[in-house]
């Protein structure tokens, strides 16, 4: 069992290292993620469009606010589940 | 040969009648008289509907109706042609008789779960007619599977372990072969883009490689395990555990006849006479079924249980029908097709007699039947008529078909096949005459009083026996089976 | 005019309505516990209507694009409804509706003290599945994946059986592995493309297919989704989870979770990567077909070995998932149609079967199929539903199982993979073996016992959804032409890049 | 060889997350203690978060918070790091926390029921307490009825 687990883990590791060869270098400003128009758009327009200086906040609450709604749903689910699992009284 | 095609919903109705009846049977399960009343009503309506299409068929027309297209290019279509009508008339007429007989049998033995019995019976009949009227392989497969499933509860009816095991065997053989049938159906569709039956076979099949064609043919024949070809026959004797009317249904009316019907349909309407001839497949298959004919007869010799002996006789006789279709001459095909209803009527007579013996005299084994004819003379006379038919002696109809088969084999210069037919006739005589002899001429072990089966059972026996004789004395009665067969033969051979 | 705000936002409402309703459930339950059921049923009904309207719009006018907050993609999150997710959404909504109707009595008996969290989590599960299906944004997909996973763990653990908790925990660990792989894959794709929008990504990816990161991302996605759908040999969480969950949870999860997982697999293979990449360059589809073929056989064989009805059905799910993925992996139009059709078919059949198992458990407390003797007399309607759904699973013509089998066999022939033809046909015989065993026990019990048994049918609110599902098993078996012609045929062409969008 | 060393050195961030990920993954699937499994899951997920965050870094870049009063026209002068992965990971962290909470709640329940958080013990207890867990035992029980 342990051996099998080790095998799977090493396989995963090998895949990760394999992918690592082509990943953009650390701190590379030419990386596709940075150069894509999306990132540039956010840096340029975040303040004018949402009035927040923190671009992360602007993204979290505005451009990708819907993700954040999903996030609250996750917390709600977890809370509900923990309550259901651990509470003795009827719900 | 040009045939006019008529659009009509009648074939659908003929199929649906018993399906509707089955619901009514279920609904009135608590009132036996009403329940069985519905069965009768449905049986008569069905026969009427089937019969109503006969004049058109005799006029050389076909009737089609497309119900629904289940998948693109795969419609559920019904088409009535002469060959289908032949089977439909046989099945629907015999349903009336089996119903009457069932009532007598089931009530006499006070069987349990009679509602389920009549329900499944009705569904099985729907499926049989569905098979008869299918216009393509998919429709046929639909009803083929329905027939298997609906007859399973009938085979396992008594619910003992033995019966359930027999039922399982039945299911495994038939569903397993169903898979082969499905496979070959899809294969045909894959190669030709159609699964419709055609009088001269599906043209596209001639184009596929010969090895594939042979493989396809073998898969199809495995798919027709309902016809009881020899390596796949053993479900048939096992299924004898079922109540006798079911055996009659299985072995004469619905299941096995549906099996050979399917086999013949495939041979003549999918592959077609020309392709069978040019590929040489007919000869191999003819030898193959010959083995079944001989071997099954030998098996039958060794059976003491009357129903089992009849079962093996069925295995052997069914192969006659297929052999007929394989003898790709008009005479051979006539013999094969004609044998289908003839065999059905004669075999059902025999089975109903066996059932009458079980109900009245409580006897199943041949060795116990010394002098039984003194107790039940009418039954045993009917039995003798059926037996003579099987052997191929007048007055019953068997000799007519055998004559055509011999003629077909002789035309093709296949003396081996001629020999097979003759040997098998001898073997038939060898296993039927002892029964007749024991029943009529052996001294009974103790005094037997005249005591016939109940009227519900006796009347059907007499009717089928009389019809069996009529085949022999007046085979070409107008509008009768011979006329239908000759149209069917003209269809597939392109006119004589 | 006033309806504009609703009609314009229908795609979002598919997800938002169950989400808000899920949040509201505790409040409604606090007012009156009995209202919860009506609340859930009404919500599911509305969601069903919306998905139906969405699907009709897609069929008639083409793909729907909906932008959250008005931010154009790739900056904001976009919902894209095309034939594929329109089709899956309506299945989710319909099965969700059926199971919610069924829940009323079943919950009363199995989870008496936990009505409110059950219904709340139920709606959130639907939200999660719906969100996963409908979204066009890859990270948004992950968020909803986690909602659906968490709710599924909770629904499995909710029962009183302690095995359920262990099963839930094992599922949680496996699910977390899967979700982490998927998150990693998303990160990889983001690193090399810089976008999160699926369509945008699909435009960028072909230029960088020689990048090793892309291949690794595909591998991680496939591994992650294989766990999610329970593809053999990553199915180990599945049987326990399905077996020990409460009846309604099993029906919902078995009917939907794996289907949405399969959907996600299809979406990622053909909607994020391109057919050329997964079919020709990496041969991922080929690997998938072999794994699926193995799953079909192993799942069926293991199902035969079970005597617990729900466990048997769970293993049968393992095999049926193989059908879906086999069809998809064949990568030809016919096989694809078969696989997609089987998503619908299997959702209908499996939900019906699990509902039947639940109804039998509800009335008799029995789950072992050897104890089913005489059940045919006792619960005729329930067992008839079981018969129909079981025959469907076997693939008897006239039922849904036949239609997908037909396409899968034909697709395998088209691909020249005769071994798959053999496997599909053999598996239908294996299905026959394990279902017939149950049929035999139900209808051919000892006659002496049978006579004594009185009719004791499940309550009406449980019967209705079962009967409807059984009806659909036959309906789509006979009228498979409609989904095939209007949805699946153009869809398969679209996925494989043949022809254009309708 | 030089190429590989360069990669190792230049991309040490990747090596860190790869190592962490393997540790976490191994703990998840090989450890028998349920708490350790959950810890493994957390390490695994954290490694992925690190990967995301390292993606966002730009050499010489500053955090993506615009200086007060600065207009977008001047923004081009300053290099900001990529804000997008931050946002994603904020969401993912919450998800991870929720999953952990649920997992821990499940472990508490398991401990209450079985008195242990060791997988072996639980498995043995399930077999013993619950004969239906073993299909064979169940079948023979039914047959003997």
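To keep things simple, chains are lettered A, B, C and D as they appear, and every chain counts its residues starting from 1.
To be clear about the criterion, a contact is a pair of C-beta atoms (placed from the backbone, for glycine too) under 8 Å apart; a residue touches a chain by one contact, two chains touch by 3 or more.
Note that the structure is predicted; figures quoted are calculated from it, not measured.
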Higher C-beta contact count, A-D or C-D? A-D
Round to the nearest whole Å and give the separation of the Cα centres of subunit A and subunit D. 12
Taking the mean of the CA coordinates per chain, how far is subunit C from subunit D in Å? 26
What is the distance, in whole Å, between the centres of subunit B and subunit D, each centre taken as the mean of its C-alpha atoms? 67
Could you put a whole-Å number on the gap between the CA centroids of subunit B and subunit C? 44
For subunit D, what residues touch not just one other chain but two or more? 21, 25, 29, 55, 84-85, 88, 91, 95, 98-99, 102, 106, 109
Could you pull out the residues of subunit B that touch at least 2 other chains? none
Residues of subunit A whose C-beta touches two or more other chains: 16, 21, 23-24, 31, 33-34, 38-39, 42, 64, 67, 70-71, 74, 77-78, 81, 85
Which pairs of chains touch, using the document's own definition: A-C, A-D, B-C, C-D
Quick check: in the complex, which residue numbers of subunit C touch subunit D? 139, 142-143, 146, 149-150, 153-154, 157, 162-163, 165-166, 168-169, 172-173, 176-177, 180, 183-184, 187, 190-191, 196, 305-308, 311, 368, 370-371
Per the touch rule, the subunit C residues reaching subunit B in their complex are 391, 394, 396-398, 403, 405-407, 409-410, 413-414, 421, 425-426, 428-429, 432, 436, 440, 443-447, 451, 477-481, 484-485, 489
Subunit B - residues contacting subunit C, complex: 68-72, 74, 76, 112-113, 116, 138, 141-142, 145-146, 149, 153, 156, 159, 164, 167-168, 171, 175-176, 179, 182-183, 186-187, 189-190
Show which residues of subunit C lie in contact with subunit A when the two form their complex. 19, 22-23, 26, 68-69, 71, 74-77, 112-117, 120-121, 124, 127-128, 131, 139-140, 143-144, 146-147, 150-151, 153-154, 157-158, 165, 188, 190-196, 204, 208, 211-213, 215-217, 219-220
Of all residues in subunit A, those that touch subunit D in their complex: 1-2, 5-6, 8-10, 12-13, 16-17, 20-21, 23-29, 31, 33-34, 38-39, 42-48, 53-56, 59-60, 64, 67-68, 70-71, 74-75, 77-79, 81-82, 85-86
